[in-house]
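The two complexes that follow have chain A in common; it is paired with chain B in the first and with chain C in the second.
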Partner chain A sequence: MATTAPAGTRRPAGIVPTGVLVLGAVYTLFPVSWVVVAATKSKAELFSTPTFAPGTGLLSNLADLFAYRDGVFWLWLLNTVLYAGGGAVLATAVATVSGYALATYAFRGRGLIFNLLVGGILVPPVVLAIPQYLLFSEASLAGTYWSVLLPQILSPYSVYLARIYARAAIPASLLEAGRLDGAGEWRLFHRVSLPMLTPAMVTIFLFQFVAIWNNFLLPFIMLGDDYRFPLTVGLYTLLAAGANQPSLYNLIITGTLLSLVPLVALFLTMQRHWRADLSGGAVKS
Partner chain B sequence: MRVYQLATAAILVAALGAACSGGSGEPSATSGGGAASGGPVTLTYWTWVPNMDKIVSVWNQAHPDIQVTVSKQAGGDDAAAKFLTAARAGNPPDLVQAEYQMLPSFVAAGAVADIKAETAKARGEFGEGVWGLVTLGTEAVYAVPQDSGPMMLYYRRDLFDKYGIEVPKTWDEYAEAARAVRRKDPKVFLGTFSSKDPGWFAGLAQQAGAQWWSIDGDAWKVAVDDEATRKVASYWGGLVKEGVIDDTPYFTPEWNKALNDGRLLTWPSAVWGPGVLSSNAPKAKGKWAVAPLPQWNAGENHSGFWGGSSTAVAAKSAARAAAATFATWLNTDPQALGLLIEEGAVYPASTKGAALMTEAPGYFSNQPDFWKQAAAIGATARGFTFGPDVNVTYNAYRDAFDKAVADRSDFTAAVRTMQDTTVADMRKTGFTLAQ
Partner chain C sequence: MTTRIRQGAPRAGAVPYLFLAPAMVLFTLFMALPIGYTAYLSLRRTKVSGLGLGAGARTEVFAGLGNYAAAIGDGELWAGWLRVLGYGALVLALMLGLALVFALMLDAAHVRLAQITRISIYLPYAVPGVAATLMWGFLYLPGLSPFGDHPFLSAGLVTFSMANVAVWGGTGFNMLVLYTNLRAVPREYYEAARIDGAGELGIALRIKIPILVPAIILTTVFSVVATIQVFTEPTTLRPLTNTISSTWSPLMKVYRDAFVTGDLHSAAATSMAIAGISLAVSFGFLRVVKNHAFGED
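The block that comes next holds the complex of A and B.
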């Protein structure tokens, strides 16, 4: 991180990385641009006009989507914000505290816990969804908001990330200096380490937010009541409308476009917190 | 879609696993109900019929003691998997929409209740064929029929005139017409074979007289590759191989586009077709017409069923009687039937309901006798008993026919694969099979 190239010098190989990045951008933005264009098409235009020709139906699509079942879309959006926002905040808190503890304290079983976590990264969450459903059913929690929030609070990957980052960003000598100055452990964590961990926390928050925002299987299995659905599951009910009902493609595409907006806004606003290495120069090493 | 199919498979596997390990679950109190508690009974209802909440609110107003809450679900195979999982875990909804082909798997899993006593009055409202789909040929009654999907031939009347084609009365004439269309305009197809819609293929097999499953005493007989089915498969396989029939699956964006552009002239589909056409091909309004399905032998008069569903009561429901009362009202009461037709776009299974359909759908305003035709065709439709693992058979259809279409290989081999996969799965699950 924080490798600022000496001013005035230009690396000759710059074209290749730039080219690769441009290709990557096209690759990721192409489907998004399709969604943007398709959302402007009316029912009649969607499957008949050329793929990237803008249509005339955006406003009526929006009106239809908001009118669908008395505006249930907004409820799904609120639910998603609750699941993703609440889940990401809690997951970030858990990950930061555990990652910090694993990185800075030596205690019995630290290696074991860490190895278990690394193992946990290898287990895809999809595999856990059904056991989690059965467990939550035992606890009579299936179908509640908690059933979607709780399983996403502990994210092994985030803990792993926090630990790696804390290890690199917080020098042991800095904590030692703090202790010599008489700071307690809580104060050390709260006042000294936490500010240094901010970039990692922002990263973890964004990761978890996007992961929960896009999660389908867990809420699909957990929730029976459609007024608690997040957007993914809600929009899916429009797609799989049953054998004898047409899929509401227009509403799904428009809904998808709208559900992208908060993610884009979040990334743009959170970006500036992504300052690298606050601690650069705190101690000499 | 692939992801969802995998997810569905995963859910089912887990549900079965839970059945083997646990299964001791006492009826849980989570699913509402509690008739003894004195207050109004509350029932939850999983369905994907549009506007069902409006229909149910009419019931709720008239029945303060039985309050029903609708949860709109995603339809199709995933809905069945989700219900089975919830039933295994001990917290199913009280009422559930059950497609006819999925009902046997619910029964085999012990997830739905026998409501014979509560539905005795409803028996007379339904025809023999559709009632057999909810009794599975036993003494029990596992659901109340809601809608049905007798099949017929939708065709572009204007383009038939343009290309000078007669409405085919037999499948031989259909094949001839397919060739004629290709000769006149190589961009246009008479129809398409969908390797993604096993329900459609099952309906065509029913028309030909197939009996994929039957119960012989305690044993199941599986005949997915019977002679009738092989006949249907080799017919379509021949047309696809010859290149006179397209192979774009139904309900895909490409299919929608072909319909809109007038490059597809027919669709052998079910009575619910108008809803799909009006939404997916709005430009062709008023240009389509219906006729009976082409027949295998001139002079015959048969059809099959594609789709249709029933209302079942969960075995774990704490208020079974109230739930069965509601299910009966929903599917037999004239007011409810009217609402189902109007709000839910449902073609009711009850004989009284079918008679309520008078005004042709707006998309078919050019064919004022649409429902009269549909009723006449519906009377000729024959179904068959579905087995306890239809989802396995249907997935095998998708896999095998996808491959057969891509390779232009023998379609009867794909049917053979369906049979083998079904038998292997039933054996593994522990069903007794007759030889």
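The block that comes next holds the complex of A and C.
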């Protein structure tokens, strides 16, 4: 590159943004890399060896974690997969049919229904979680899998995403042509529209999967029996039990690491599907 | 694509209602009903007669706005609001500031390593709040901390330490929202500015940031609402320090009232107050800026 004045002002412009971003990446990766290293340390090594020196205790830490209370950690992991997987599939289905109907039909009450469904974005979870617990108690369902699964199926944000995406992706003329050919409304949705909505559905599934996986408040309030806990609540109880016993720290650290692995793996493999631009309204029509 | 639904074009009849039935059933059961029930509970109180023993000794009576009056007069709740205000101001300024800086840097003309740094900074989005708090919590602990024995969890520093967890977890998502908005801007805008002699900094300040205003407003509103309801981080950090009380944030007090001290009515009134404040903040914010920031429906 030439060293003339204009080029001289351009070069630092490349160093500054790159440097700032690298600093940002170091900051975000720091605790994650710490937990990876710390999980390899034995009880003695955790407090004695340098922070980023790998230890020799990974296998015994894993064995201890899986032996903890007859392997309850496995159950937490399984429960989390069930809540997040089941909840996200159902949430995606509900959001897709709702968004499709709101985007492609003209009918009485459309504006009202849209506002009701999407207005839920602004309702704080706490206003819902406590009375939901009481209502589930009335129905003798508090503390069950249903009490965590059911309230997380309707996702206002997902309905909103599905509607703007359906509005941009499905040409009214195509549905019109289908109707002229005698296709029924269900067939139009199922065979014509659904394939066009797939990108939005993948995004909605991922967002909802992460939201349920990371949720703490709802299962914390709903569940009493630790055999139904998801990882978040399980790890919290592990910490609450072990905060004063440094001998349990290895368990908590190893459990934290394992709770990150599935989501980070999903995140890295599905990287290109995390499209925040669906929400930014930047969908090209 | 500009032809939307023409007046009465699809003779759909009951079809859209059938498509919307699952969502409306879920809305009724898990949103409308709980909100109504909370409002109802907040207007009632438990009346204890006699010694409070026996089957008929505790009855529910109408309390009017008594629970709200009690919430307003509750010093511990106000202290909670103040703590959350300080914490929230810190989180919002740092998180959104960093998100904006990172988004602008990613969009800069000559940046390198953009993809790997973008994925790294976005990564905490995939980390549960509980796990993030546990990781930082251990990093703050004297004896484990690589930063020496600073009292990160002391009364004076705990707010900053907690804010750091929230900033760490939330910056990437907000950065991506802003960055995605920037990517949608036609590059010719910048070319024109460059020809007029604007540098990268000038383009960022005078073109990119004004374009981002609506997105910044939206991310601010969502972040404010999330911050008002902070619960997971302080609750998870509590076992590691005695500087976080069980009523540190208003939402923690709601939880304690409802499930530890068993005062549902006061918990209901407080959660209605939190909801009211969240809604007022969101609507107020959106209303103020709607006219000049958003053009579309």
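By our rule, the second predicted complex is superposed on the first by the 224 of 285 C-alpha atoms of A that agree within 3 Å, B and C clash if a C-alpha of one lies under 4 Å from a C-alpha of the other, contacts with A are read in each partner's own complex, and residues count from 1 in each chain.
Keep this in mind: a contact is a pair of C-beta atoms (placed from the backbone, for glycine too) under 8 Å apart; a residue touches a chain by one contact, two chains touch by 3 or more.
In this text, all values refer to a predicted model and were calculated from it rather than measured experimentally.
Enquirer: Is A:31 touching anything from chain B or chain C once the two structures are fitted on A? First, second, both or neither.
Expert: second
Enquirer: Just to be sure I read the superposition right, which of the two partners does A:240 touch: chain B = first, chain C = second, or both, or neither?
Expert: After superposing on A, A:240 lies in contact with both chain B and chain C.
Enquirer: Now for A:263: first (chain B), second (chain C), both, or neither, which partner does it touch?
Expert: second
Enquirer: Is A:173 contacted by the first partner chain B, the second partner chain C, both or neither?
Expert: Second partner only, chain C.
Enquirer: Determine, under the contact definition given at the top, whether A:217 touches first (chain B), second (chain C), both, or neither.
Expert: Touch partners of A:217: chain B and chain C.
Enquirer: Under the stated touch criterion, which partner chain does A:134 make contact with: chain B (first), chain C (second), both, or neither?
Expert: A:134 contacts both chain B and chain C.
Enquirer: Is A:143 in contact with chain B, with chain C, with both, or with neither (first, second, both, neither)?
Expert: In the superposition, A:143 touches chain B alone.
Enquirer: Looking at the overlay, what does A:105 touch: chain B (first), chain C (second), both, or neither?
Expert: The answer is second: A:105 touches chain C but not chain B.
Enquirer: Given the superposition on chain A, which partner contacts more residues in chain A: chain B or chain C?
Expert: After superposing on chain A, more of chain A is contacted by C.
Enquirer: Scan A:53 for contacts with chain B and chain C and give back first, second, both or neither.
Expert: So A:53 meets neither chain B nor chain C here.
Enquirer: Touching chain B in one complex and chain C in the other: list those residues of chain A.
Expert: Chain A residues touching both partners: 46-47, 126-127, 130-131, 134, 216-217, 220-221, 233, 236, 239-240, 243, 246, 249.
Enquirer: Spell out the part of chain A that touches chain C in their complex, as residue ranges.
Expert: On the chain A side, the touching residues are 9-11, 13-14, 16-18, 20-22, 24-25, 27-29, 31-32, 34-35, 38, 46-47, 51-52, 93-95, 97-98, 100-102, 104-107, 110, 113, 116-117, 120, 122-128, 130-132, 134-135, 150-151, 153-154, 159, 167-168, 171-173, 175-176, 179, 185, 189, 210, 213-214, 216-217, 220-221, 231-233, 235-236, 239-240, 243, 246, 249, 252-253, 256, 259-260, 263-264, 266-268, 271, 274-277, 279-282, 285.
Enquirer: If you look only at chain B, which of its residues touch chain A in the complex?
Expert: 4, 7, 10-11, 14, 18, 22, 28, 30, 44, 46, 48-50, 53, 69, 71-76, 78-79, 82, 85-86, 88-91, 93, 99, 147, 149, 199, 251, 253, 256-257, 259-261, 270, 272, 275-276, 278-283, 306-309, 345-347
Enquirer: Can you check the complex and tell me which residues of chain C touch chain A?
Expert: Within the complex, chain C touches chain A at residues 1, 3-10, 12, 15-17, 19-20, 22-24, 26-27, 29-31, 33-35, 37-38, 41, 98, 101-102, 104-106, 108-114, 116-132, 134-139, 143-144, 146, 168, 171-173, 176-177, 180-181, 183-184, 199-200, 215, 225, 228-229, 231-232, 235-236, 239-240, 251, 254-255, 258-259, 264, 267-268, 271-272, 274-275, 278-279, 282-283, 296.
Enquirer: Hey, which residues of chain A end up touching chain B in the complex?
Expert: 43-44, 46-48, 69, 126-127, 130-131, 133-134, 137, 140, 142-143, 216-217, 220-221, 224-227, 233, 236-237, 239-249
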